[in-house]
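Take a look at this one; I'll ask things after.
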């Protein structure tokens, strides 16, 4: 898939070989690894917080109709506010450390999970839910044993979406604010006319994305063996 | 703490930790060089550079106390000033070389472009990195000086690195660029039609280091030491261009070949007040400011 | 004691309005086994869902042991007509049966025992670790029955629980329900569309009319308490009773036409 | 003509392996009506899904009119055991019945006619615009039957199609299927767990053993072609035949234990 | 009536709290809400709306619709075909992980700096939730439903429009909904580059020129825009998924 990038070749879109060379160069650079580390930390931390908060809020709000109705308008109001527009606020609160990146990552990734969970909770099979009710499952047990498994496929989609949005935002924030990380390296490369290096770094972000998805898919196959979508692929 | 929770003061062993918000471009080479040379350490300042994209990102950092100092072009600083953002410059940042055709910022066109002089830019599309900022002001002035109608130029915003491609594809008719893109474009056959900083004012001071008025009030001594250190760095950089070219590779990714060809700016230690006044007037004329910048308040 | 008084349920959705139950009144004493028969679509499932507190009636009253029902009452188990969807596809058969017991805080060892017994009783030993969707329709239905049986409820509501199993298994399950009833003194309300089954199982059969639904007739089954598949079904009294029920249902359907 | 030869099906998923069908061989001539009985979980549904080309067998052959089956053959209709899930919840009852006809490119007016007739035949006139989930279990099952009936198939596979309807409706539907069969000369393979039903309906009854499944026995039903609920069921030959089937199934189950 | 109350209650409380709490704010970057509201009135005149908001909206719609069409089409193809999924997924994940702001320069190379570029940026960013949800939704179609369709010869386009899409509908809707707000975000981001008008451009311009109340008013306008669009979306969704809402509500209401 890399050659595809090389299809249109110009000084601005250097051929794969030069990108690869630049990539090799970068891997020898401790600064690169430090930046990669910074980005990954911001990403993982932000994602963890966002997923935790998103799932919690999604289940609580999704399963209580009054809350759902009450918050719907506010959610729709807050959601499209671009994280980018929050940059001044983030800088104000956290300066250019990891804190601002984290805040932006959390904000953007949260909605991805939250909305998916809302839809997942709405998808509970009424008969299954009534079965649980008739056996007088406690509220917690209903969530744990009925709501959660039903919502799980949605959660997975949400997490996969959030994972890449988090990565996108981590890098964008670094790019725009200049917090340490891959994004900053890209910005510096861009400003320095180091075109192959820039693409090498972009490729790195892409590869990160692929790895992250791989991880999510593996988890999904483990946890969703019972689900229709996985079932069909496992059984005869 | 005097100014913030994360940064300065805390006289731990008499050393002040100072964060400076900079844009990782050639203009700030002196401060990196000065750091290397120990000009700051000598004055009990432990320096960390934080990069930000342009004044809009750095000014808030300085105002909120995340950075103690920042680097920004004068137009941005004056815009902030007209909005009563509490900041004050503390040292000169970078200045034009003052030589036609040999400055670090210019308007360029492709080799075979019909545009010969700045006057031909009238009615044309010119790219700048930021709209309503220093780029358009100085370009308009170049057009005016060449006898054209400065108000009648169409500016388009795009990042510097994209300008060469846009120019060659014909998306824009001309591009206002600074180094290192300027050298790259020229090397590819691009032609310079106006040295805009030179046209705008004699020895224009383009940018400056600044701080918040709060820090100035709280810790005047630190500001004083910082100013001294910066001035020493500026002077050193101005005198040792080769060392400047070397230090570039430590904080940018400019490769050595390109680094050797770059036109370096001037780094005087004094802010050229008349040139800033001219810049202010030009900006006001072009409607960039909402009021008249109060240079008294802004300049040290 | 289970009391249903003047129960009425109207489904409304958009412009469509269906009066599923018009006016139902009957009682089931504690420890009774009552069978409910009625034409398809007459509202049996609706009635069961109202009794189990899963559905709010439009009018009338449901009381369990004197307490108005406004949610599933304790100690009640339901076997749903939609057995397939009432099993949790993300759990193995064992977990499906065990989960309600966990909720009831039954000790682990006792749980194990109950689950094994129940699965054995419905003939499903050996499928504990399979997922419900790996089972045949009849097996799924038996899992649902096992779940209710293992729960050891005081009240058991069953909605056509043997619809998907073969004749022989059905007979076995009928005997299972009767022995459970006798052993634990459970109150059972049993919906079926098999007239013979209703007579064989019940102490009483309640017949519902077709929509709009009222109680068409009630019949005391005065067969001996000891019943078995061979003799009871051959008993002339049995034949007589089943004919009575059959006639009533015919009547109910005719009235509707 | 429907030929099943040496059919074998093993379900594999992870470490679990179930031999649902071991070795099945039988044929159904065009225009025949064959009933299939067997204990719960013996593989009747699996067999039907193999015949309809929805499932690839592990071994053996299925041929419809001499052509090996490798996908649903044209002109075949299936009534699924999981009637609830086989209806499309996003379509009204009418649309559910009509969709296959549209696919068959039946003209609009004829479609209308067929749908109305089929819904009327199963007693569902008046529910055309309801969604399936607004119907009772029995009604849903009848929608599934109406869909197959309206399709006017040459081959009709039915998997316990009357499990959820009451006795009276069931009798009506049995007669509906017989009249359809006679009128259109359809080939019908009918899975049921009701022994009486299998004898009443079929020209032949195929009995399956319990797992691992083979054909246990076949029985020609030599009752007159004109059957009716009252007289046929009272016929001594009917009673004799049903006893035969019953015994075989007993045997099948015993063998398994 | 009750519904209106639901819609306005919480926002009213939040705005009220903001108003009161920020009233004495000295902070340069978080001015009192009073000032922001004043700025809102002054800033978003009819002319401004026409000059900046309308072009933004046009780009937004173009990008969103394009993303919806491509996302659903591609999603169905990928969801239905296991082999295709195995080959295409890594490539998609690769592109999904690349931040749109980084890609803008690359996209500019192909699409220039006009509206086309901005629309592509929007498509590129907001296609992912649609695509992913469609894939998952299609994969999760009930097997009995699929069997029924096959058995009755419901194949080809009818299978798609009558079976697969409706069944995956709820999940596709989830994706479309998420994409909507991402599209708005990307509209802003795309207007940060090579733009000379548009809502995003204006907000960034305010931010750069330290017109903080105006910038906040722009953010509020964005929020309002998102709210109105999602309201429209909700209406459309309710129409398209009537069966689903009914199905779930009917058995839940009791």
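When the chains are written out, they are named A, B, C, D and E in that same order, and each has its own residue count from 1.
Rule of thumb we're sticking to: a residue touches a chain if its C-beta (ideal position, glycine included) is under 8 Å from a C-beta of that chain, and two chains touch if they have at least 3 such contacts.
Owing to the predicted nature of the structure, the values given are computational and were not obtained by experimental measurement.
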Target chain D, source chain B, minimum contact steps: 2
Taking each chain's C-alpha mean as its centre, the one farthest from chain D: B
Maximum inter-chain contact count - chain pair: A-E
Euclidean distance of C-alpha centroids - chain A vs chain B, Å: 36
Chain centre separation in whole Å, for chain D relative to chain A (CA means): 49
Geometric centre distance via CA averages, chain E-chain A, whole Å: 16
Sites on chain D at which at least two other chains make contact: 11, 13, 82, 85, 134
For chain B, residues that touch 2 or more chains besides their own: 60, 64, 159, 161, 165
Residues of chain A engaged with two or more neighbouring chains: 10, 12, 88, 92, 127, 130, 175-176, 190, 227, 231
Touch list for chain E against partner chain A, complex: 3, 6-11, 14, 27, 29-30, 82, 89-91, 93-103, 105-106, 109-110, 128-129, 132-133, 136, 139-143, 170-171, 173-174, 177-178, 180-181, 184-185, 188-189, 192, 200, 203, 207, 215, 218-219, 222-227, 229-231, 247-248, 251-252
Chain D residues touching chain E - in the complex, by the definition given at the top: 49, 52-54, 71-72, 74, 76-78, 80, 82, 85-91, 99-100, 102-104, 131, 133-134, 147, 151
Complex contact set, residues of chain B against chain E: 54-56, 59-60, 63-64, 76, 79-80, 83, 85-86, 127, 130-133, 154-159, 161-162, 165-166, 169, 171-172, 288, 290
Parts of chain E lying in touch with chain B, wherever the complex brings them together: 28-29, 105, 108-109, 112-113, 193-196, 205, 207-212
Residues of chain E touching chain D in the complex: 142, 144-145, 147-148, 150-155, 158, 162-163, 166-167, 169, 243-244, 246-247, 250-251
